Amino acid sequence: MKSLGIGLIGTGYMGKCHALAWNAVAPVFGDVPRPRLAVLAESSQGLAETKARELGFERATGDWRSLVSDPAVDVVSITTPNAFHPDMAIAALEAGKHVWCEKPMATGLADAERMLAAARASGKVAALGYNYIQNPVIRLIRKLLDEDRIGPVNHVRIEMDEDFMADPEALFYWKSEATSGHGALDDFGVHALSLVWTLFGGVRRVCGHMARPYPDRPLPDGGRRAVETYDIATTLIELENGASGMIALNRSAWGRKGRIAVQLFGPKGTIAYDQERMNEVQLYTTDGDRETQGFRTILAGPQHPPYDRFIPAPGHGLGFNELKIVECRQLIARIDGDPAVLIDFEDGIRIERTVDAVARSAHAGAWVDVG
Amino acid sequence: MKSLGIGLIGTGYMGKCHALAWNAVAPVFGDVPRPRLAVLAESSQGLAETKARELGFERATGDWRSLVSDPAVDVVSITTPNAFHPDMAIAALEAGKHVWCEKPMATGLADAERMLAAARASGKVAALGYNYIQNPVIRLIRKLLDEDRIGPVNHVRIEMDEDFMADPEALFYWKSEATSGHGALDDFGVHALSLVWTLFGGVRRVCGHMARPYPDRPLPDGGRRAVETYDIATTLIELENGASGMIALNRSAWGRKGRIAVQLFGPKGTIAYDQERMNEVQLYTTDGDRETQGFRTILAGPQHPPYDRFIPAPGHGLGFNELKIVECRQLIARIDGDPAVLIDFEDGIRIERTVDAVARSAHAGAWVDVG
Amino acid sequence: MKSLGIGLIGTGYMGKCHALAWNAVAPVFGDVPRPRLAVLAESSQGLAETKARELGFERATGDWRSLVSDPAVDVVSITTPNAFHPDMAIAALEAGKHVWCEKPMATGLADAERMLAAARASGKVAALGYNYIQNPVIRLIRKLLDEDRIGPVNHVRIEMDEDFMADPEALFYWKSEATSGHGALDDFGVHALSLVWTLFGGVRRVCGHMARPYPDRPLPDGGRRAVETYDIATTLIELENGASGMIALNRSAWGRKGRIAVQLFGPKGTIAYDQERMNEVQLYTTDGDRETQGFRTILAGPQHPPYDRFIPAPGHGLGFNELKIVECRQLIARIDGDPAVLIDFEDGIRIERTVDAVARSAHAGAWVDVG
Amino acid sequence: MKSLGIGLIGTGYMGKCHALAWNAVAPVFGDVPRPRLAVLAESSQGLAETKARELGFERATGDWRSLVSDPAVDVVSITTPNAFHPDMAIAALEAGKHVWCEKPMATGLADAERMLAAARASGKVAALGYNYIQNPVIRLIRKLLDEDRIGPVNHVRIEMDEDFMADPEALFYWKSEATSGHGALDDFGVHALSLVWTLFGGVRRVCGHMARPYPDRPLPDGGRRAVETYDIATTLIELENGASGMIALNRSAWGRKGRIAVQLFGPKGTIAYDQERMNEVQLYTTDGDRETQGFRTILAGPQHPPYDRFIPAPGHGLGFNELKIVECRQLIARIDGDPAVLIDFEDGIRIERTVDAVARSAHAGAWVDVG
């Protein structure tokens, strides 16, 4: 295994998160060569230089295209706004680089399809940033399912709720404009679907409903503007494996900060999880005597890899940012040709097609096949 | 206020529950005359006599029709299987008695409509047994909504889950037969809808989905029989007041024992409740500084009437059966012409029409107006 | 089994609670003759008559001594203030009646010893009201211990906290006077010790500490008066069975309403319980694979007798008052010579001696043998 | 602010944790120069070189004394076993380096006093690693106390429980030898006391009790050896500020993985915290109407600095290792002469003297002044 050369485009929260992961992946895992943080690109040379110092990159550039073609770069982290993803990812892939692009792929299906074509043509790894699936606790859930602990799941409920759009008097901004997408559906739905995809695979049919809790919002200069997106989306689903279920999304849910509540029902038990307590999973099984059956709260610990690479003691807790370090290690594994849990462009397009089907379903008021 | 004479038909769990309520309503509330437990009817004279002694009734009969016409009886508690409700309730109302009938009204809408007609014709109180709405904590939720603590609710989620049908190898019995109804939808849906009705009123449109987690179940003598009902039902809803929402029902949900999880989202806060912790409610509001906002767990106490009639100290907890005592007190209030929270036949038929609309919607795979 | 004749002295909260239990024990359990509610005594004839009607007693008296000697009375429920317990209990026992007296036995050890002597001399059942130990969940804990599920307990922690003395500006009243006792220690300590006694037996040595969170409190007419009791008491303990532990009591603990938090540690697992969620118990055992070990939340259900006598469905919840009905059934069993879980005067005096030892220990600042 | 040169001695879990912090402090905070990871020392040159590559250090040495005197090193991270702390810390301080030493200071008070003398003589920063106090949630608790949200705390309870010594059949190892210290008391007590120190200051008097859940443990070659340390320690405390309290420690508590349960009672409210849910704090205050008072669960978010430096969105969760990055930033602030929350050798010795007083108290069976 040779040391990988890294290029990072974008230094917002997700850029920082990628940088932290590239800095930490070798110390945490101890089984990969320390990556060389080669080049950082930002919108200007000045900003790029400041950020390069802060984040530990050797060189800086105000021109992302030069980064993409830099021979010192093996992997390009793309953490810019979604609209930039297609050009950057395609250029990087065409330059023969691996790509690690934040989700969602693009602002429209057509662009996403172009990205997938470029990935196929390149033969390079093209991975998407879906942190949540990298949680050791989610990996435990997968393992419990694989081991048939609760039997084949027949019903799935996922809720994803936050409250950053909950204040009806918050000023109108781009998230309420139709150009930003559908609303909660694409903002959150891809995360919920990334879990469905990781645990069960594809969705066969959907019947969605979208709602606007607030018809309009105030403008900075007075007056109000009609809201064009939907802060609430609720969807009935049928999975390809035959299970039924429901996905409920609400970005105007006061008090919910990072809730992703998952309930999986099977013939031998139930699994429940809430991202707000990301180091815990609830498991109920029919094993043992009826007197003592109950949901058990399993605290993440070294017996749930790769928690052990972070902390040798159980119950001490990983953080959200640390999931990106796990994702980074999975990406390196994939580049090395090893098995890896990762949502790549092939999987990602499936997720985005499902989002698209829900939107069409909601507008039609009818069930739609995902296709 | 004169002392009411009580007739009880049926002594299964709900019959016992009614008897306990009639025994306890005067000691608990201290503001009503102690009812006279006049007559108890069961399927045979012998059983009736045994149960009368146990439950404290003066007389016993094997003939419910004689109970219904007994001059000593002012109120008839009907706790027999659902199929018997129409005849008994109509006879009692025609005999000029008040009726307290367990939910649901009947096994079909037509019978329920006949019961409503009899109630209207009689001018008597015709109440249904919907315990859950009598919880002091639900009364608190109503009060918080009335006081506009979270603003007008724009989104509602209700889950109701138990696990008595969760074992795929449990023998086929009548709950899997089509003659018993739709499945989880009518078994549980009426409870969920009783809360919606109590808190918000009617449902305008529904789009339901029903699923069978297990296609067949074993027969006592070997072999298996196809399951005809649906143990899972999930429904998108739009309320008459404009709010959107979702009702998810599952009677094959391992580990859930009496879960009725309610989430109410408004522009100023969120309320959450779970019947498995029936003495608690969760409230999040946007009051105060952002540093200390969070869901607060409110424990039921004397400041939440009528908890105070049961226990003078907070946090000690009421039980499910005690909700029936509250309902009994509400029934007496209604008989006395006082304000009362109660689901009567007028309200009950609205609930049953909604259930019917969901079933039609699920079969059609389309949205249906409740009408 | 003949029907017992009941006499009730006192109609405050606990009197009401006894009355509800005597009214409900036959309907709930179905295996005992319905008691005859014969005589009720209150401080005046008028009050007694009002309460007799409300609570369902046949006759009323303003003279408790006539109740105690009434031939129709087999069992005397004593629910008057603690200072009256000795005279009433001794008179009842001397009149050949069974006694069901609310805890604590008396306001001083000497009186309690006289009561015990009277009980021994009478040969009658002399039981104390300790509701908490009657919880089906506590019975489950006993069973789990008996079945060696967590091995012999080596460490015990009990916290009991409420907040009725938490407001420093609440007016001075009798609970702050030295004549009322030590403070939290006797107010709460007997409950904590009733659980220790029921689960493990006696306490060998104690080292207590008592504290006054507020040195004085306002008087109704202005000015302030020094507080003479201790609202906080914390005690190190060694049990007779060798286990170590701690009992922490606080009646000025804001937000705690009825908390009795129990933690039991053994070589094979841990049990935790909190009275504020009285229908749940937490169990951790070392059974099974390490990946899925965790505290499981067991919801009370019909598999935990005598929950089944109240409700046939699990997870629906019993209330605090209903524990008194269980206690009533245990009392009847004891009267009938059957096995019963009950704290009688023999046990009760052990609890009160332990309280006394803690108080002496706290004043001496040293360990004291309970003796 | 110049970039600091870092030397790291030791690469066990805490060494890795320091390395991760030095790698991440600049990217996370963005307001400090990126430290130069200059030299890493391990027990052999070979191991040192491997680890240096992994953890990102420029040079490696098998001789910690050369690291300590290296001109490129400004700060020495000491993460070796406790017995090595005194020599290394004193040598580093004498060489004019700042020291960041993992807790506890030493294996005995005399050595700790020597370390303190060296720190005083050097004028350099001598900080101890006490991660838990760096949690944004603990910082919030401090702020709430400073703002008098619950009034002056009058009672404190802290429990710290894990289960790594809970298996009675686990082989005897050094933690059961008297040379390792007292047992749970020094293993855990310093953490509990670091919180007491951070929130309230010193302890005035203590009365401790230590217990052995298991008298002996198996030896690798058969036979059993008597356990010499105490896996359980419980202590009554009086703080210098007058509050009373209790500290309960148990390292044989099955199911507890990283529990540090804190309860703080004041005249206007209560604060509760559990390290196993380290991104949450419970707050009860007497503000507002009685109907809606309850413990609120506050989820850590950007409004609780320095959470905002890690993640811009609330409720996403920090991990235990990330607290070390916060500590690292505090250390840099202290070096720069800025205010910092940090337990230095002056504070640390107070904690260790308290531990010593508890041990003497437990052996004497009496209260001891901390002095």
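So that you can tell them apart, the chains are marked A, B, C and D in the order they are listed, and the count of residues begins at 1 in each.
Definition applied: a residue touches a chain if its C-beta (ideal position, glycine included) is under 8 Å from a C-beta of that chain, and two chains touch if they have at least 3 such contacts.
Nothing here was measured: the structure is a model prediction, and the numbers come from that model.
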Furthest chain, CA centroid comparison against chain B: D
What whole-number Å value describes the gap between the mean CA coordinates of chain A and chain D? 34
As a quick test, compute the distance in whole Å between the mean CA positions of chain A and chain C. 53
Approximately how many whole Å separate the CA-defined centres of chain C and chain D? 41
Of all the residues in chain D, which ones touch at least 2 other chains? 256, 293-295, 299
How are the chains arranged in terms of who touches whom: line, ring, star, complete or other? complete
With touch defined as at the start, can you tell me which chain A residues reach chain D in the complex? 13, 16, 19-20, 23-24, 26-28, 30, 33-34, 53-56, 162, 164, 256-259, 276-279, 299, 301, 310-322
Which residues of chain C touch chain A in their complex? 140, 143-144, 149, 283, 287-288, 290-299, 303-304
Which stretch or stretches of chain B touch chain A in the complex? 150, 154-155, 157, 159, 166-168, 207, 209, 211, 213-214, 232, 234, 236, 244-246, 248, 250, 252-256, 265-270, 284-286, 293-295, 365-367
